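Handing you a structure now.
Chain IDs A, B and C follow the sequence of writing; residue 1 opens each chain.
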Amino acid sequence: METLLQAIISGLVFGAIYAIMTMGLTLVYGCLRTLNMAQGAFGMVGGYAAWVLASRAGAPPLVGLVAGAVAAAGIGILTHFISVKPLVGRKDIDFEMTAYISTLVVAIMLSASIILLFGARNKAIDPLVEGRLQIFGTVSVSWQQVAVAVVALVCLGGLSLLLNRSRQGLSIMAVAQQFDAARLMGVPAGRVYWVTMALAGMLGGIAGVLLAPLYFVSPSAGDLPILKGLTVAIVAGLGSIRGTIYAAFIIGLIEALVATYVGSLWALPVLFSLIVVFMIVRPYGLFGKPEEERL
Amino acid sequence: MLEVTHLRAGYGAATVLEDVSISVDEGKFVVLTGPNGHGKTTLLRVLSGLLPAGEGEVTFLGEPLNGKSAAAIVGRGLVHIPQGDLLFVDLTVEQNLFMGAYLSAAWRSRRDRIKRVYELFPRLEERRGQQARTLSGGERRMLGIGRGLMSNARLLMVDEPALGLAPVLVQEVYATLDRIARSEATVLLVEETLANARDIADYVYLMDTGRIVHEGTMAEFGADVLSSTYLGNRGS
Amino acid sequence: MSGVDEASAGKSRLARTLAWSRTPIWPTVAVVVVLAFIPLVWRNDYYISLFVLILLFAIMTQSWNITIGMCGIWNFGQLAIIALGGYATGLLVVKLGISPWLALLAGVVAGGVSAVIMVLPSIRLRGIYASMLTFAFAEVVRLLIIADSTGFTGGPFGLPGVTGLFDWLSPSWSLRAYFWLTLVLTAAVMLFVHRMMNSPFGMGLVSLRESIRFSIGMGINRRVAFIMATAVSGLIAGLAGGLYATFYHGITPSFMGLGPMGLLVIMVVVGGLGTVRGPIIGAFVVTMLSELLRDTVMWRLVVQGALLLIVLAFWPAGLDGLFERGYDRVRAWMNAGQDEGRPGVPAAAVAEGSTDQAAGRVAAAAVTDQVQRADRTDVAAAEPARPTKKVGRFKAWLNADQPPKPGDTAGGPADDPVRRGADAGDA
């Protein structure tokens, strides 16, 4: 019972991080109709930004969080201009696939650049807050987990406000839903694209900083998150914002339960096997609309 | 107000508009009619900047529009209400309307503007919190028109507002357009069934295979002109 | 297509199904013979092993190119199939001690079977979803091998001790034997793929890539076509995997994953997605680039990535497309001198002079163009003459190695020189 509770808590915390991470994928997919495979690398860059500030300038963790978000947002914009923008609106290529490939390559380039800058060794980073909070019996949460949950809630709440109330946020949703109509309203699609990529970078960066103390800051720190993020996005149904949040927690919980009861090495294989089965049964995700062509 | 002279445009090498010249005067209700598939919607897409113009000139309020972005054109008050509404289906009614006021000048006064739209379409106010996808066909049309009105519209280009609506609703839509033309903005209406706009049109252009083949006031449009176009015997 | 059937009535059933086009074999054989002298003349073993690696990469990318480039199946699990071929070969050699040659055959079969198993559920999925499904499959394979602690596959450390195909030779001759073997196999695979892609079957695959609805309307059976193409791709992948495992005397799960996949993607795209020579050019260019930057491993990833971004932005048809364009220009320039005063002719010569592939691309572009137009709900698509034109053009395209007829190419991207040539030539 107590093991179960502990697993559920850790599952929810991971779910919160996945939700932030995947929200970046979802927004970009909604707007640009392609998967941004560099999303995991954005998180990795965020982690490094926080680490650099903490280890070289002794900045407090919260500053690191902000710096991670800002740095990753910058990388998001850069990624857009070098790998996505040259492909937008071209007739001679399949945008969806080429952008998928080019962002994947950007992810690889980012890892390589990080190694060039900081070396290949793992870097440890302090959690936002230290210590644990005893709930009852042997069940406890670390304050870091609480902090992650709080940051995640703030992010998701802020994102919801931004998307539903602000002019820029609404224009992102508008471009995602009806491109021509958005242009007729005077929305400059080009700007919405890079703003979305910046937002995706920011979310990725925050997730990266939150994940950093749990693992390490390393050049390959983005690989696992992007795999999980893709899983979440598929289960959610690509482009579905509401679905992303549910799916993130579902995936987080499944992963934590498998890790607790079967073994952490098996968490990923089990997860991916589930995805394979899931996609055969419900290929458009929990909340997506059927996009397959049954012919 | 709007002057189009010898416009030529199309998709890639497929020319749809061969040679189109029309002009719309302020305060006049102008109708562009013609059989389906002969370039009416394409003309609106060119005018609103969704498609590049090939040759010819477009001026609006004395300024050339050639090569201007869609955003710049809307900013000047030339607003295109597209065929089939093209709503943002996952946004609420109110968010859809706010998107109509996207450009910063209109955005600042969006609350006043939305009140005016709600006066025109009280139904939309009742449904303000609903997702646009849950609306009925008539409500969608209202939302589409209302969204266009949210901008600083000087000239509204409305594309087939009767498409897919029940006859009762068609009448209602046209009555509303008439009111808009009197109080809000000049209207350029694209309409395949000229009879729908018979009572409100001031001036009519008839388009056929990418050209304006006839123009004149409603009274000048005899049955012979229409039938000759629609039935295919184009004379010489 | 009945004419094709009659022509090939005497051939075997498979050959009839594919109705082989007559790709000339001799030019390829000549190139192979010339290249075969390299290890005799050039005695640096390091470079020979580098060439073997390039050829192995060429076979791998060629196998992947069949699904991802030619059929448009978003298969991002190809490395797992290659690895399964390698593991099948390796395990049979190590655990059962059978001859590596027999094991290589088993690896080929394993590749084909696992490819079909992997792609089957993804056939009905749309692009990105299919890519995720195949990628998840590959990750399951990779992670299961890593998680395997029974010692059967060697877990994360890989499977060591696979006997080489030519271990009875001296190391240096064994290396040369590998070079010749992979050279011949690469050429054979290339010829096979070229013939396949120029057969009605291959044309059907390209048309499925361009428009699924349209092709099915024309009577192409998507499932059968995709399964066959995947099986072919898998067999070749298994061959590459088996060769890899025996050449390096082992295989590890680090062979799969995001990074190696990125490398292969760069090769395929830089060379030219969906072309026959592209994978070979890509494997050569990218591997040589790695070699030049051998001392700075990380710079090499950055440079390769930048190369891909540049190729995507400026020459989306890849280096193969670039070379072809250059070749066409030279041809046009040479012909222009002879045919002065007849403005239409040089362009026509360009169109005819370019290879079957170029013609195929013209046709594919034509179909794409039709589809894009048909997708539009606008007036342009509603012109009455369209449907009959479409069928006529499609038929022409199915039968033809020639560029489409004059009016048919209207509306295409005017900046494509091959197409422009076709337009001008017929006009």
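For the reader, a short list of remarks on this structure follows.
In this section, a residue touches a chain if its C-beta (ideal position, glycine included) is under 8 Å from a C-beta of that chain, and two chains touch if they have at least 3 such contacts.
Since this is a predicted model, take the numbers as computed values, not measurements.
Per-pair tallies of C-beta contacts place A-C first. Relative to the C-alpha centre of chain B, the farthest chain centre belongs to C.
As a whole-number value, the distance joining the C-alpha centres of chain B and chain C reads 49 Å.
The distance from the centre of chain A to the centre of chain C, each centre being the mean of the chain's C-alpha atoms, comes to 33 Å. One simple way to say how far apart two chains are is to compare their mean CA positions; for chain A and chain B this gives 42 Å. Touching of two or more other chains is recorded for residues 413 of chain C. Residue ranges on chain B touching chain A, taken from their complex, read 48-50, 69-71, 74-75, 79-80, 82, 86-91, 95, 98-100, 102-104, 107, 147, 151. The part of chain A that touches chain B in the complex is made up of residues 164, 167, 170-171, 173-174, 177-178, 180-188.
The residues of chain A lying in touch with chain C in their complex are 34-35, 82-83, 86-87, 90-94, 96-98, 100-102, 104-109, 111-113, 115-116, 223, 226-227, 230-231, 234, 238, 265-266, 268-269, 272-273, 275-276, 279-280, 283-284, 291-295. The touching residues of chain C, when paired with chain A in their complex, are 72, 74, 121-122, 124-129, 131-133, 135-137, 139-140, 143-144, 146-147, 212-213, 216, 222, 257-259, 261-262, 265-266, 269, 298-299, 301-302, 305-306, 308-309, 312-313, 316-317, 372, 413, 416.
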